[in-house]
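Shared between the two complexes below is chain A, which pairs with chain B and chain C, respectively.
For the complex of A and B:
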């Protein structure tokens, strides 16, 4: 400590000094964080890969005997050899149905994330590149949209355009593009002052050319990351809407619909009808979020805080 | 623009009064933004309604539309004002709203204002309790985990926060019912009062406990991580190092020198997380059959109850704006460095 006093008080080694009770940064705490980050990736991948396999393969293997067949001789069977996770109130196999539901939820989530990312990237890039009044207007719009709770806007859109898949996807995409727009705009703003952009402009490149050839490729990794980070939110939003009865049309079994349908089974003691869809839902969102977090740490290693981006 | 200037000591009451005035100006500026925003939201909602394939006449008639005479249907359309262009319908609605008439809710068969007045107190009770619980738990766990970064409390808390982030609110609610109402019948599974008796304070608290706790837990991850992160930042600042070097006890250093600096960003975060709180309230009210406005939003959505949908969307937006303003004013009043811009 004595030697630290010789240096400037604000910087240098004094800052790193901690009393005995506290862990030193860069010591065990940081190594522990690295280990737990790796554990998180391994766990996410270990969950996600078998999950995707199950979701993709199970309905094929099970054949049409189990997919949607109603069998009133086998209503609410407990988990056993014939039905690994039991059957629901119409005698359908819960696990196969949950796998189908997870497939539907994932496909919709990907569609939402792609739509929201494209919209957000275009708006953010144009806003950041244009600057001035356009930029200010767009950003006020984004602020305004963020003040409306997402789920309420989703309920409103789905209520007015009921029973269509497009309405659900649109309601999620239209409420989630603002995050992407903010990220892309910030990225574009910081790129705009780089010398190579100046070089392109002084070389006679048009605005459009600078945007499409220089700015958009440079923000592509950030936009892709934003899309992956959106995935769990999209799954979450879709299942929430479906749970409320405002989601997908009835012939598409979403995980949210299944959870809503089996609410009363819990009170009857048939826990398995809700266990399979709920477990799949949690596993999917956690695994996707885990992998997305790992990718973010690779792409933005010096994130200022755990909460940024 | 008007950072409250800290004046010399000869004007003793100066800074605080200046800040209050600045807070007032900020409220006015926000109001100037809020009015056009609410107009825009309601306008967009009307445009969405006009563009949708949903036809209110079909709802009005139900299956009788197939046997009703053309002339009757046409007359009903005219009476309901459906033949007017959308901006005229919007004008009528706006006129009514300015006069205190929010229209008639079809799904409840009551004026919209009655539905809201009846249900809003329940929602405020639930949301207020949930938010207070969330803030309390987040502050406790966040401080505990930042106190010894990398310790077992820290690792458990962070892991728990990341896990909770992946759990949908409605699953949390159903899980809580399964454990605390079905497996161990400690608390009621839904509603606000027993089917037989009248509502007393004790029974209301019993019914409130589970939904409020679920709502709080659903909001926790982000809040905990914010407290932890901001406290870690605050603890690495020079004045904290200076406090340590003076040999102050760790407790004083963390709670008196570190925490105040971490609280300001936390207040802002609570303000910006309000839309998520609204989302959580919708799901929790649905799961626990809570008789609040958020549950009414779901029913209005299922029945395409347009006047109620518009009113509740605007109400939620207004609540978020007011909440943000409160958070910013709080920061302005407690932090002498904050400027009153924006």
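For the complex of A and C:
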């Protein structure tokens, strides 16, 4: 500092002195490169998500005739002009079927994320706001539920109600709300001792009023982010269940059932039967996770370095 | 009358912040309490505002003994004691507009003109009411917090280092307002501060913090 001031007096160079002078040269350029790489991820995700949504709606436009048509004269056709991604062992168009599968997977994922978030937010907010014995009991129950492997618990729930869409949604939602509950509870705990909550209590507000006017609006962004982060996870969970033959009934194509069905075809050399569903699966999860990561960075900027995707 | 006798309170199990404190507030008078930072002034305010349950001691609000605190205390009882906190930033929900903050403690179904009246009373111009806390100064926000407290029409006003975050002109304006409220509406006020000049200027009587403790026969601020 002394040197810099000396320079400023003698040579008027104070403006050139920067507290960050110890940084390696080129640091700014490198940071710029990192930012633009991140921007590219976000931009491609922003393009990919609507694209996948369009693909998922495609079977609706194409009509059921195109999706479900079994054609034994066109079994395991390689990708070509007639069928862009080839056909499967029943002669059905793989691309159209994968699009239909993506739609089913996305519907399940959204339903799971919404259900898990609503359940988690309610439990977390009530537990955090109530405090004391109620909070301790609820959080120990949550710990207990977390101790059981999610897939195992999911399999148990699906096994009880085999082959139903609702059972698959319930099995994923009921095993994943605990994460949201923890996030929401932690947030509520940090908020409930703030002076503005005291001010509300002093003004005669009831617990419900404090919860709905101050606590829930404050945790809403975190809960919504948790929901979006759950989406890719739910897609993979559904895929895993379907792959194990515990997910959807065979006539409903989800990405998981398609990957499971294509195992034999791949051994026969028909690689394209797995390419379309697997490609869509990876694209959907990466795109949603990319957008969610960007949103999380915006919401919690100080943790940016830890969260870089 | 809002009085407390032999009050002992604290947060951690093995440590008392307040020991055998006694003080009495009467309507129409401003009592000042002067004490150094960290002596427990804010805790005393929290107990008197029914926001923190004490370990022992007798808290009486207009003749009734108070036994329940926070949510458990009846809403009407809580509304009888208003608090103005030290930090207006922390005492205002950052998501609410000033209009919502000012109207927060008004009785349900109160007309919108009541909000405007309160805002005018504390010197907030109408254009400020649509801003959020981060868009106004500390002084303006503290005015909004005072307006919110007055919305409940409390019989007692507890001011916890209310002017500590403010510049001299805002502080003077708010102190004048408190004086006017006490004189015209017969509210009782407790001003807690480490600034003896401020307390001497506005309080009917000033007590030193160390005079509040001790045996029940000690000065009670009356």
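One rule holds in what follows: the second predicted complex is superposed on the first by the 249 of 309 C-alpha atoms of A that agree within 3 Å, B and C clash if a C-alpha of one lies under 4 Å from a C-alpha of the other, contacts with A are read in each partner's own complex, and residues count from 1 in each chain.
We adopt the following convention: contacts are C-beta pairs under 8 Å (C-beta built on N, C-alpha and C of every residue); 3 or more make two chains touch, one makes a residue touch a chain.
Quantities reported herein were computed from a predicted structural model and do not represent experimental measurements.
In the superposed three-chain model, the partner touching more residues of chain A is B, compared with the other of chain B and chain C. With both structures placed on the common chain, the touch criterion links A:246 to chain B but leaves chain C unconnected. Touch criterion met: A:201 reaches chain C, while chain B stays clear of it. In the superposed pair of complexes, A:218 makes contact with chain C only, with no contact to chain B. In the superposition on chain A, A:152 contacts chain B only, with no contact to chain C. When the two complexes are overlaid on their common chain A, residue A:227 makes contact with neither chain B nor chain C. Once chain A of one complex is fitted onto chain A of the other, the partner contacts of A:188 are absent, as it touches neither chain B nor chain C.
Only residues 194-196, 198-207, 213-214, 217-218 of chain A touch chain C when the two sit together in their complex. By the touch criterion given at the top, residues 46, 49-51, 70-71, 75-76, 78-79, 81-83, 85, 87, 90-93, 95, 104-105, 145, 148-149, 151-152 of chain C touch chain A in their complex.
Chain B meets chain A in the complex at residues 37, 40-41, 45, 48-49, 52-54, 148-151, 155, 159, 162-163, 165-171, 174-175, 177-178, 182, 189, 222, 225-226, 229, 233, 236, 238, 241, 244, 250, 275-276, 278-279, 282-283, 286, 297-298, 300-302, 304, 309, 312-313, 316-317, 320-321, 324. Chain A meets chain B in the complex at residues 9-10, 14-15, 17, 19, 21-23, 28-30, 32-33, 36, 40, 144, 146-153, 155-162, 232, 236, 239-240, 243-246, 256, 259, 263, 266-267, 271, 274, 278, 281-282, 285-286, 289, 293, 305-307.
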